[in-house]
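Given below, in the form of structure tokens, are the structures.
Shared chain: chain A. Partners: chain B in the first complex, chain C in the second.
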Partner chain A sequence: MKKTVDISLPVGPMHPCFKEPCRIKCETRGEYVLAAEVELGYVKKGIERIMRGRPWQEVMFLAERVCGICSVIHNFVFIESVEHISGIVPTERAAYLRVIVNELDRMQSHLLANYSYCYTIEHETLAMYLLNLRETVMDQLELITGARVTCAFIVPGGVRCDISSDIADELRSALDHIDAELTRFIRIFETGPLIGLRSKGIGILTKDAAIESHAVGPTARASGIDNDQRSTHPTYTALGFSPVIRQEGDNFARIMVRFEEVFQSIRLIRSALEAMREGPIRGGGTIKAGSIRYRGEAPRGELLYELTTDDYGRILEIAIQTPSIPNIQVCAHAMLIDAQSAADITSIFISSDPCIACTER
Partner chain B sequence: MNKYLYEKDLRQMKLIILESRRHDAVVLELAATLGIKRQQLRKILIERSDMMFLENLPARCDVAREAGDDTERLLGIPLLTQAFCLISKEDGVLIKEQYLRRIQDGIKHEAAVSEARMEMMELIRS
Partner chain C sequence: MLSIINYIREFLRPHWITTFFTAKTAPLVTPPHFRDFPELTDKECTHCLACMMICPAPEAITVVKREEIWRPEITKGHCIRCGLCIEACPEDVLTSGRILAYKKEEELTLQGTFHIEIDQSKCMGCGNCTVACPVNREIDPALRSSGTSTSDEVIMRVDTGQNKVLHEEKCTGCKTCEESCSNGAIRVARIVEALQGGEK
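What follows is the complex of A and B.
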């Protein structure tokens, strides 16, 4: 007779599939997952506490150190928050340059997330192809900003440096290369029968559960939710942005949304390069006192900064809500429940692109 | 006796999460709705919820504040059932129906709200 054992199955804090330490405690009946709980506290930074009372010039650098993968968007949202408080408007060229760098950052983050997923389901070949392609994006990011991560590219009223026509040409040819290579890789992902077995119909997130937990980013958009902060951003609307949405809500849909968003980013960068005219890259202005609740679209979803400044440009209060917080919560309490196999725990978790550094800011 | 390497007492870390500015605001909001002290609500949440759920409370509350009708919002039912998950949705519907019945029976608004709160607290403690 088949014996079924009820066990508590811990995954992590150190696990070969996890980029960062985090512990998932799963209650299982045999291989069937009944409940899951996430434990944090292994990499807590306390960065909000460090930011409090410091001038914006220091907080700007701290903000992009919240996350090592999507550092540009933290810089982007923090600077736009203080700009909104102070009534500073970036120059037109700077606004387009911000979009270019932000979209390059999104591309590398999505490629890294999909690499992690392919690695988790043991498709190492595709994983390495994607990681290699990410390097092309990282090179472009370094070429434009001078750094791979923590670029500190965006400053109030503009950006730190301009791009020459040579750099723009190199960026265009790199985008052509990424476009061609990724089309090939997506075909491997879409048609791979084993990939389909590990991804289609696994870790389903219903639209209702996603709304209730305030799921954001590709995790929510793969469940049919039309939620993308770029839809209301003036520069993105000028470039004709529309969000990528799928309805399936499974691992496959989440990965495909990220792949499609990489193509979308390529289109946005090309449009920005076309639309960009010669002009100054920095405006003027001083930071004033005020409070704001400002949202931006990080690669993983909606990033919220709630901050208060004083007349000297000091940050009196700050709270950061990163997209991984709702996404990991919905993953543990909705996507992992009813998983048919313990082997799916890691693949479902990684498909939501969890960032522990963001969560434990 | 076995001592597990990663099994920890998480109460202190959960309290640190709840003490942050945005979390404190939502805990205060629900504690005021239920008519209890913030410390009591914190204790309940620490006992019942995992760290990730507590981290996500402000975002869940943002969604719950837009849910439900006027009566449900007055009684704080969307916050309790949807955001904090302290009572089930079915119990939330029952509490609202009982509240409306009391109002129909001519009981004063304050008394009906106070009875609804007592019922909610009973359900939370059960």
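What follows is the complex of A and C.
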């Protein structure tokens, strides 16, 4: 008689499919996953400790170095939190410029996440197509801010630099290019039978489980939860923002939510370019003493900054809660359970777009 | 079937076919708008230390006198290429990417006020900070060779074994004192404001 042995299967910390080091410890019976736990702690930076006692002009650079893939939103949320403490309101043009750069950053992050997923399910052609398309977005970020990743674009009361009409035209034509290319790639993704076999009905996160385990971002929105911090942001509401929601809750839905959010970002940038009027890009204002809890929507979900400043504008206490913290736990305790194949462990994990650098800070 | 049709449509596009047969890696060129390490322009540095004040990276920029001329020097391993020094410099001595052009066009500035804090429980009155302070040395040349000063015009001096701040308003926020303090007793709070349209 064949003996069934329970195996403890470690995946990682170094794995070809992972962008960053982490270990998934799975309890399996054959290929069937009984339980999983994600073990972290390989890339701890202690960045919140370094931030303490420093003024905004130093902390804004540390904040965007929390994560290299979603650097703009860390800068965005940090600066908006100190602005809320000090009662500074950004100028109208600066508010739209912030949205443009933030949405470009979201596009590149989502394209990278979907590249990773396609790579994990061994569809390298589509993966490389997406990575190539991401370069177009990175070029636009570089054109506007001067740097591809650490943009350092947002300062209290405004932004670092304006965009001229030439840059706006170049941005519009790049958006048209991305729109056309991505429509074709999504058609390949949606109709691919092998992609469907690896994605549809795999790693299901039900709405109840998502609510119970506090999933955020595209992972939650793919399970039918209307949770997007941009819905309450004044600039986004002025641009007519409404979140993308799907009901299936499987790998396919999570990837499709990200694809649809790229189109949504394109629409937001286009309408921001239309709505923008000439005007100042900086309003000035110094940072006052106070404390705040402020939320923003990062590409992976809700990002929370809790900070205290003193009379001289220095950051006394700071705590950052990044979206990958709940999402990694949701993945381990709700999505990986009952996976039918060990090959699905990596694809389910990558579909929740985990960012280890964010999680460990 | 639909999938196969999609692949055929993808690979039969004229653009795909031409790029497939004429594939060529684009040359690696740094675009002119890239925010690289700051470089010097032909303008004259006035030793105002605004660049050192705003710099977020430790010891990335220092203003030094070589052959009787003050000029900022960048330590490339420390510089994070943020470009704040270019915006803060009132004399347009530094340039990188498009920042200097934007700054001139839209009159962007970064201005700061400063507050010196000395933790008396940590300060041992060694006078390192008073000697290192470039403004102190300009005001009282005696501080270049000794730690004591009789001048009342200096920013700070050691008095009865403890460091005392006399003229906080003369501070340029350059952080030299912070870096020279062996106990971490002195901190300079820099309250910086990002402005547009000249002086407020």
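Everything below uses one rule, namely that the second predicted complex is superposed on the first by the 358 of 361 C-alpha atoms of A that agree within 3 Å, B and C clash if a C-alpha of one lies under 4 Å from a C-alpha of the other, contacts with A are read in each partner's own complex, and residues count from 1 in each chain.
In this section, a residue touches a chain if its C-beta (ideal position, glycine included) is under 8 Å from a C-beta of that chain, and two chains touch if they have at least 3 such contacts.
Note that the coordinates shown come from a computational prediction; the quantities given were computed from them, not determined experimentally.
K.L.:
Given the superposition on chain A, are chain B and chain C in a clash or a fit?
P.N.:
These partners fit in the superposed model.
K.L.:
Report for A:184: first if it touches chain B alone, second if chain C alone, otherwise both or neither.
P.N.:
Only chain C; A:184 stays clear of chain B.
K.L.:
Quick check on the superposed pair: does A:286 touch chain B, chain C, both, or neither? Answer first, second, both or neither.
P.N.:
second
K.L.:
Using the touch criterion from the header, give the chain among chain B and chain C with more contacted residues in chain A.
P.N.:
Looking at chain A, the partner in contact with more of its residues is C.
K.L.:
Pick one for A:308: touches chain B only (first), chain C only (second), both, or neither.
P.N.:
The answer is neither, since A:308 touches no partner chain.
K.L.:
So, A:341: does it touch chain B (first), chain C (second), both, or neither?
P.N.:
A:341: touches no partner chain.
K.L.:
Which partner does A:271 reach: the first (chain B), the second (chain C), both, or neither?
P.N.:
neither
K.L.:
Just chain B (first), just chain C (second), both, or neither: which does A:136 touch?
P.N.:
After superposing on A, A:136 lies clear of both chain B and chain C.
K.L.:
Using only C-alpha atoms, work out how near chain B sits to chain C after the chain A superposition, in angstrom.
P.N.:
25
K.L.:
Quick one: which bits of chain C touch chain A in the complex? Just the residue numbers, please.
P.N.:
2-3, 6-7, 10, 31, 33-35, 54, 56-57, 80-84, 87, 96-99, 102, 106, 108, 110, 115, 187, 189-197, 200
K.L.:
Report the residues of chain A in contact with chain B in the complex, numbered from low to high.
P.N.:
Touch list, chain A to chain B: 10, 13, 23, 37-41, 48, 211-214, 306, 317, 319, 321, 325-326, 328-329, 332-333, 359.
K.L.:
In the complex formed with chain A, which residues of chain B make contact?
P.N.:
Its residues touching chain A are 6, 8, 10, 13, 20-22, 50-53, 55-56, 58-60, 62-63, 82.
K.L.:
Flag every residue of chain A that touches chain C in the complex, lowest number first.
P.N.:
53, 55-58, 60-61, 142-143, 145-147, 150, 152, 155-158, 160-162, 184, 187-188, 191-193, 280-287, 312-314
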